[in-house]
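Here is the structure we will look at, set down as structure tokens.
Order of writing sets the chain letters: A, B and C. Residues in each chain are counted from 1.
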Amino acid sequence: MEERILYNLIQVAVVVAFAPLAEGVLNRLKEIVQSKRGPSIFQPYRDIWKLLHKDEIVSEESTWIFRAAPYVAFVAPIFVTLLIPVLTRYPLFLAFMGDMLGGGFVLALGGFFVALAAVDTANPYGPMGASRTRMVGFLAEPVFIIVFFTVSFVAGSTIPYIVQAVWVSPLANFFAPSHVLAMLAFFMLILAEDARLPVDSPSGHFELAMINKSKGLEYSGRGAAIMKWAGSMKLFVLLVIFLNVLVTPWGLAGTMAIGDVLLAIPLVLFKIFLFLVVLVIIESSLSKLRLFRITEFLSAAFVTSVVALTTSASGL
Amino acid sequence: MALIVLLLIPTAVAACCLAVSRRAAGILTVIGAALVLILATRLTGRVLGGGPRVALDGWLSSDPLSVLILLLVAFVGFVAALFSIGYVDRRHGAPVAAKDGYYPLYNLFLLSMLAVPILANIALVWISVALTTLASAFLVAYEDTPEALEAAWKYVVLTTLGAVIALLGVVFLYWGMKLAGGGPFTWAGLLAAAPKMPPTVLWMGFILVLVGFGTKAGLAPMHTWLPDAHSQAPASICALLSGVETTTALYAVLRLFPVLTNAGQTEAQAWFLVFGLVSTGAAALLLVYVRDFKRMFAFSTVEHMGIIMVAIGLGGQAHFGAAYQIAAHALVKSFCFFAAGAVVLTLGTQEIASVRGLIRSSPPAGMALLLGGLAIAGAPPFAVFMSEFAILKAGLAGGHYLAVGLLALFVVVAFCAMMRHVNRMVFGQAGPAPVVGDLPASCVVALVLSAIPVILFGVYLPSGLDRLFTAAAAVLGGAP
Amino acid sequence: MSDPVASYLMHLNAMAGGLFLLAAFAIVATRQMLGCLRWFVVQALLLAASATVIGIAVGSLHLAIVAVVTVVTKAMATPWLLRRTVRRELYSRREISQVLNIPTSLLVAAALALLAYAIVSPVAALETGAFVEINLSVGLAGLFLGAYTVAVRREAVPQLLGLLAMENGAFFAAVSIAPDLPFIAELTVAFDVPVTTLVIGLLTRRIHERVGGTSVGLLSALREK
């Protein structure tokens, strides 16, 4: 009982601590692929540290939403972390507090607040970026729902721990076409939700073309640090869900021993590292889609998820 | 064995045609086609006398229905080859290289059509039907105008689409046979295994083959390529396309009727009736608005394919009418296209509105067109009228009043529409289009040769043919 | 065949089927002709993979040879023939014009795939083993999607690729329900694909020479006016 609470807290600590590292590794890999040296993988930590020690400037026109949004965005992934299998295969203390749909909504709540905060400022680029993010989000919602339905339908439950067990035990289940298609649809979703290429360019500086980064333009000092941290945590959480539930549901601790749980940490990090390599390859070979082409991208994801659903529903 | 030689002759001629000049190729083709015709006639006699013949360990076989189709293909192939000699020389539509491709392709086309009725394995039948499309693609595009190319494109794409659908149908039928206990994958084998096949599989195979090969046969609503292809091709090729190619495609569908009735699936009759009536009705309507007389004859092909389908669906005595109709249509339609080709050669146009008073400006073409138009529309005492009458009579005797009524209505509408067009073309004041040429000798010979059955078989049906139709009808009714 | 191995094979085949269906969707959704051709080759390779897997499971050398023939004719001969006949069209990087835009096309394609599943379900129960169920539904869906591609594209080469994709679908169904068609039939049906490609390719080239483009969907001179 106590172990479960402890492991839950360890999970949260892992996510909070290692999320900037994941972002640092991603940026470094992208630079390496482009034959540059790239920043150190610990650079995001240094950035957050630097920002925390700077002054914060808040616009007089903004309301409490602007001040609260970074904290909401920071807390939302933490909430979701409590629900998903990060290190262990068996459900932890708060695991039944919410299921995957609940987790999805909590993440969306964070994004919603941040979009509102972007509108809250008087900066013209904020609302523009926020409206674009909402467009992408609204197109991605059906895909989210259907992918969750598919995996829940196959597993007979919406709790991530139980879903994850389905792919593990008869290993052949892993190759079922519904699984492959659901993985593909979810991957396209991650690209859309976390504003990776081809949906959005995370390293672009041109405000008119920004979709996601424009939401954080107005923040400075502590707010900026927390927003940055929250952004990398969102990516980390999405990756953990994707990898631990769908793609590689192995390497998680099966017993209650603390040694197993601690051993799972480097395994999870390793899996994330492998996925980041794949992500970098994809990001480096695609160019950013024009805005109206994003509907095509997301409708392709939607169709893939629908086919995954029907494939599993018809019992293949 | 005659069956093997039948297939070897066009192959050999095609190979030779590649090496010789066009004139020699034309003569070679005519000789080859004549030999094929002689062989086919002898084979018919033997089949009627002694039952189905097989060759090559059972890979080739022929029963009365297949021999009927074979005979028609051989005859039309021979006469069309004769017509080609004069026609191709006169029409300078194509560059020199393509002209040299005409006769080799012609022979390959003829080969593929000959193969359809005599190949025993159904999968090979599918392949030869698909090959008829591929062999005739460049023949349809021969005139090399943008319209001809458009027509050829639609032809190839739509019929190949149908062929792929039919492929899945053939695979389903094979699966059904396997589930029913196996056996040779031939028409006879399918007939025997049908009662034991799971009905869903049989139906799916049937529907897919009906839609797929129906596209190739020109059944509505999959007929949209037909008026284009059959009007833009050179007249000799049109005769082959309309007269016998659609019939060979329809043959594959017709073969399934006894399979389904043997298995007790009598709803198949309804499918045949509905598709047939829709085709006839659509063709009758479209015939009213047509503006090009080759398109007119093409729509008439759709109409007649529909009539044959209805005749099969009516069952019983109507099957004799169906066999009669198949033969009558092939012979008369090829003659019609020769007549149309004659008009094109003399006046240089395909528009109905430009042709007037043909009987005065070019008597041979005028008479041919009048005869062809009357015959194909179904005027007595020509063969088509007799076969349609037989079908209607048998339908009434069987009690299918609605189907017979609708069929009669559509046939009458088509008759009136075609006669109106032909009348204005042949009679009336001398037309706006001046005479640009006269008919080459080979064309005249071909016209006369093909006119003989048109005039003759309405009033007098030789006993051999009568026996052939009866035997073919028996096959359609389910005799092994 | 031991049970876990059989189960693995079944699921491998299922994965090939899922990816085959995905390739069919990709052919509907791709904008460029070269992309269409590449997805077609992927489809053909998945077809060969499925044939191999089923061949191993059923113990049929016949199917393995079918797989090899498929790879040779569809994955190698057909692209080569296309490159020989319509090279300029194929490598031109322009967008294919279509009647419906891509998201709508994808939705229609999804509906067609569902229709294929619905049609197949009463039939697939007739034979045991998941091979038939998957291959039949995916094959029929591939057939429908290929036919849809032919209907919706206005350019010659994508229409041809749609036809070839249809044939892939028909074959995909055939390898599971008719794995022992007589060899001569199997071979000739397989060679039908390159011959069709050759004829249609040459016709496309002729059209391009005569008409100046290959937007065959826009050719509409032959109509009753």
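Of note:
We adopt the following convention: contacts are C-beta pairs under 8 Å (C-beta built on N, C-alpha and C of every residue); 3 or more make two chains touch, one makes a residue touch a chain.
Keep in mind that this is a model prediction, so the values were computed, not measured.
Under the contact definition stated at the top, no chain borders both chain A and chain C. The greatest number of inter-chain C-beta pairs in contact is found between B-C.
For chain A, the chain whose average C-alpha position is most distant is B. For the pair chain A and chain C, the distance between C-alpha centroids works out to 36 Å.
The mean-CA centres of chain B and chain C are about 31 angstrom from one another, to the nearest whole unit. Put simply, the C-alpha centre of chain A and that of chain B have 65 angstrom between them. On the side of chain B, the complex with chain C involves touching residues 121, 123-124, 126-127, 130-131, 134, 137-138, 141, 144-147, 149-153, 156-157, 160-161, 164-165, 167-168, 171-172, 174-175, 178-179, 185, 198, 200-201, 204, 227-228, 231-232, 286, 289-291.
Interface of chain C with chain A (complex): residues 4, 7-8, 10-12, 14-15, 17-19, 21-22, 25, 29, 102-103, 106-107, 109-110, 113-114, 117, 121, 130, 133-134, 137. For chain A in complex with chain C, the residues that touch the partner chain are 170-178, 180-181, 184, 295-296, 299-300, 302-304, 306-307, 310-311, 314-316.
On the side of chain C, the complex with chain B involves touching residues 119, 122-123, 126-127, 139-140, 143, 146-147, 150, 156, 159-160, 163, 166-167, 169-170, 173-174, 177-178, 180-182, 184-186, 188-189, 192, 195-196, 199-200, 202-203, 206-207, 210-211, 216, 219-222, 224-225.
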